[in-house]
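Here it is, the structure in full.
The letters A, B and C name the chains in turn, as written, and every chain counts its residues from 1.
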Amino acid sequence: MASEPVAAAPALAPAAAALGRGRARSRAAWRRRLTILAFLSPWLVGFTIFFGYPLVMTAYLSFTSYDLLSPPRWIGLDNYRYLLSEDVDVWPAVRNTLWIIAIGVPLQVLFAFGVAAMLTRARAGVGFFRTIFYLPALVPPVAATLGFVYILNPSTGPINTVLDRLGIQGPLWFNDPAWAKPSLVLLGMWGIGATMIIFLAALLDVPQHLYESAELDGASALQRLRWVTVPLVSPVLLFAVVLGVIQGLQYFTQAYVAANVAAGAASQAGGSSVLEQGYPEGSTLFYPILLYYHGFRYFSMGYASAMAVLLLAVAFTFTAIVIRQSRRWVHYQGAVR
Amino acid sequence: MRRLVMALAVLAGLVIAAASLAATSSPKAEELEVWVGWSAGHELVEFKKVVSEYDAKNKNVDIKVVGGIVDDKIFAALRSGNVPDVVSSFQSNNVGIFCPSGGWIDLGSYLKRDKINVNIFPAASRYYTQYKGTRCALPLLADTFGFYYNKALFKRAGLTRPPKTFAELSAYAKKLTVKKSDGSLDVVGYNPNALFYHGGAGISTYGTLIGATYFDKNGKSNLSRDAWSRLLRWQKSLIDYYGYDKLVRWQTGAGDEFSASHAFERGKLAMMLDGEWRVAFLKNEHPELKYGTAPMPVDPAHKSAYGSGYVNGTIIGIPKGADHEEEAWKLVKYLTTNDHALAKFSNGIRNVPSTRSSSKSPELIPDKNFSTFLKIFTHPKSATIPITPIGLDHLQTFSNFVAKWNAGDVDDLRAGLQEVDKTIDSKIKQKG
Amino acid sequence: MRRRRFLIAVADHALLIALAVAFLLPVVFIVLTSLMTNDQALSSNLWPAPFRWSNYTDVFSSSPLWRWAMNSFIYASLATIGLLLSSIPIAYAFSRLRWRGRDAVFLVVLIALMLPPQVTVVPLYVMWAKLGLVGTLWPLIIPNWLGDAFAIFLLRQFFLTIPEEYLDAARVDGCGELRILTTVVLRMAKPAIAAVALFSVLYTWNDFFLPLLYVSENPDNWVTSIGLAQFRNLHQVQWNLTMAATVLVMLPVIVVFFLAQKAFVEGVTLTGVKG
């Protein structure tokens, strides 16, 4: 792998020597390029097949009517027209997804932050508490959802039974349109273990002397939080928020499972019994679930593709905006960007 | 050494994967694979019994039955080309997609060749096994909906005969309802929420009872102009009697529809509208329950509809690309037209035999409760739901609306139904 | 003053304990239900009487849980091995090799990370269907052998923290980049690699959407997440057995977590702080 000794050129004329050096260098450069290409090749192949190709195909299919059994039929902008002006199912789905992002994400981030903050103040048993808070995040989402639906069953579930013994009539949880999404947020909050640990690490990373000097300057606890903690933890906050929003845009599993199970419709998951979409009353119909229905239940693959393109546009725009805005308020403590 | 261990681990993994891949690849040559939707307890067992009789008589085929198939799987198989030889579905409406696309093959030539007259099937079953003239399926037993009532609870409430109209039904329901000390529902007389239980067929189970149509002569959605508003108002009045929230609470504790903890089977629901299969379930799971059957009560303005019921059924066909088409057809022909096979299967799962001759077969085990459904099935006003190019999407749209109406979230019923009509029309137009 | 600090400490701990109880409560209820009879599970009883330990064996005899676990294991292990083998060199190329447009291309990698899977799902499904692989685990496994955006991102961030001197020393010794990667970098990046491996195992073990799409039509190849969701179907909802199956599905991950707690926490920390 060693390059040819450039030192073998002393007998030649300077020009020839330069040429020899140049050729050797370009050979080495070629070898370097090949190495880089070799290292990157899986990604290049993967990106083309699993990112480039599907994006192009999705874009193409969005202009067609395609039921997957007959060949796609070109219909131009018709899917988009219907999607943006006539489809009555889409906007409630969009609202649901926006709700879970606008309310679910901040709640979960704040909760994770709060729990982590409390852990930093604890003296005894930090490892023990940390384990307990992280454990639910390890539970498979389907299992966790099944568990929660069972626990929050309005008539036979343990939570309402306990509330009943305390004299409170528990809500209908997953069976009440006003409570279904909050129940899903509760499920999400139960599983914030990973985010919480990241915040914990970031909080512990804040140099203690900054707090001390702030306290000496007369800053209250709240002011210390605002001016010391938050800025120094901001990269992690940004990370958690961005991740949360991206997950919100893809939110599928928990809502799909919870709706089917709570409706009692899941006697056969994937069967098309005509009950409610997004039980109860459409409150758990999120955009990705509607996309799935259109593509894999109503056999409108073309339309599903149009929905997918819209989703991609939103995800991309959001990420670009956040990254751009983040330069203003995120403070990187000397880390390489 | 470490590298060696790693390499071995990778190799082991690959071997396992290859083995699993091999295990799931193509079936043996002489094997006929049959996909059916039945899965619950006895139903799949009974189907397999009928098939094994055929299997024993036909040594050249070896039949493998796969149960629990839902339509998602059928569509996935059709797309991937990885199809069984015979396929069957509970969703007859999907013929609107299977037939025109050729996903299930056109059986017309086979029927002609073997001289089978499709009039052996009743009109409703003929309707839901074809689309626009292409017949790509045949009916394999049928389902019809009727009225079940708990005789013991009736006796306790002093009721002697089943109700015949919605008004009577409401009165009975209120008499039979029992509340717990805290005001929550213990026994519900009748649950008019069509989206709960009702075999998953939802609001369409009430169609014939109000003489309703879904589309008018021009193919436009008709829900706002038809008798549906009367039905919905009646249902809502009974729901409001219980209190919607209380009813939902009761529903969440009512037990899964296809389990032995079904509310009617446990005596927690005094009357219900359900399919004829419940007779077999009751016999297997709660033989001690004293119950009776009758045609479902009807809208007082449509008294002549009494005796009719919603009809649908299992359809069976041959997917495109099946390996052994001729043998598959022979099996399909046997299952759908042979009196003995139909009678045997009907006895087993207590579904209605789908040909006229088999419904009169001496082999059918007489059962007072079951014979109600045989009569409902052949009633001239019994009907099924229209088949559309958007599959069940029109019912889905309607059901979403009914859910909101039941919960009291709709102010103007007429306007709401008109919106539903408009949506359904635009969806059909969009599908082209 | 000391008393005040003591009281505050007690309050903090009390709050923590209350939270811990709230976090554990769902798990406790799930376990309790898994030990009830079906009728009890349907009623509002909170405590099983008697304790039906046999539910756990019933789960195995009444459903192919072993098979599902096997399939999940195959998916998780093959996917993770492939992910590591491909992502490590890629991450190295994005962090320690200098080439034109490197950072711009890395941004493209990040975009792939942000893509909701529903966006690419339709054409990919058609592609796999045409290849005849729908119904098998291959559509789930193969993409991991061509690099995973999250793993690449995480590994790159970590590789960036390795001081250049180590790499230069190896280069001067005449090592090619591949050797540098396998000898110097791998050894120094063990925690990051362990973390990536653990995340991959966790993710694939819990994956529901992709298996639902590709494998649900072939019950032989079901993984635990699908099996669990379908469990109600096979068992006409016996909640007690369903909860027992839930506990069993949770166990392997909890065991792995305890064994690898340190790597987990370090790995999770790496993601956030350097991210």
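Just so it is clear, contacts are C-beta pairs under 8 Å (C-beta built on N, C-alpha and C of every residue); 3 or more make two chains touch, one makes a residue touch a chain.
Keep in mind that what you see is a predicted model, and the values were worked out from it rather than measured.
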(request) Name the chain whose C-alpha centroid is farthest from the C-alpha centroid of chain C. (result) B
(message) I want to compare two interfaces, A-B and B-C. Which one has more contacting C-beta pairs?
(response) A-B
(message) Suppose each chain is reduced to the average of its Cα coordinates; what separation in Å results between chain A and chain C?
(response) 14
(request) Report the inter-chain centroid distance for chain B and chain C in whole angstrom, where each centroid is the mean of the CA atoms. (result) 39
(message) Multi-chain contacts only, two chains or more: what residues does chain A have there?
(response) 68, 155-156, 267-270, 296
(request) Going through chain B residue by residue, note those that touch at least 2 other chains and give them in order. (result) 39-40, 68, 72-73, 79, 253, 256, 258
(request) Would you give the residues of chain C that are in contact with at least 2 other chains, written as numbers and ranges? (result) 42, 126, 216, 232-233, 236
(request) Flag every residue of chain B that touches chain C in the complex, lowest number first. (result) 9-10, 13-14, 16-17, 20-21, 23-24, 39-41, 68, 72-73, 76-77, 79-82, 253, 255-256, 258-261
(message) Looking at the complex, which residues from chain C come into contact with chain B?
(response) 38-39, 42, 71, 74, 77-78, 81, 125-126, 128-130, 132, 134-138, 141, 216-221, 232-234, 236-238
(request) State the interface residues of chain A toward chain B in the complex, per the touch definition above. (result) 65, 67-70, 75, 78, 82, 86, 88, 153-156, 172, 175-177, 262, 264-265, 267-277, 279-282, 296-300
(request) Please give the residue numbers of chain A that touch chain C in the complex, ascending. (result) 1-2, 32-33, 35-36, 38-40, 42-43, 45-47, 49-51, 53-55, 57-58, 61, 68, 115, 118-119, 121-124, 129-136, 138-144, 146-148, 150-151, 155-158, 160-162, 164, 190, 194-195, 197-199, 201-202, 205, 235-236, 239-240, 246, 249-250, 252-253, 257, 261, 266-270, 288, 291-292, 295-296, 301, 304-305, 308-309, 311-312, 315-316, 319, 335-336
(request) Could you please specify the touching residues of chain C with respect to chain A in the complex? (result) 9, 12-13, 15-16, 19-20, 23-24, 26-27, 29-30, 32-33, 41-44, 46, 86-87, 89-90, 92-93, 97, 99, 108-109, 111-124, 126-127, 143, 145-147, 152, 160, 174-178, 202, 205-206, 208-209, 212-213, 216, 224-225, 228-230, 232-233, 236, 239, 242-243, 246, 249-250, 253-254, 257, 261, 264-265, 268-269, 271-275
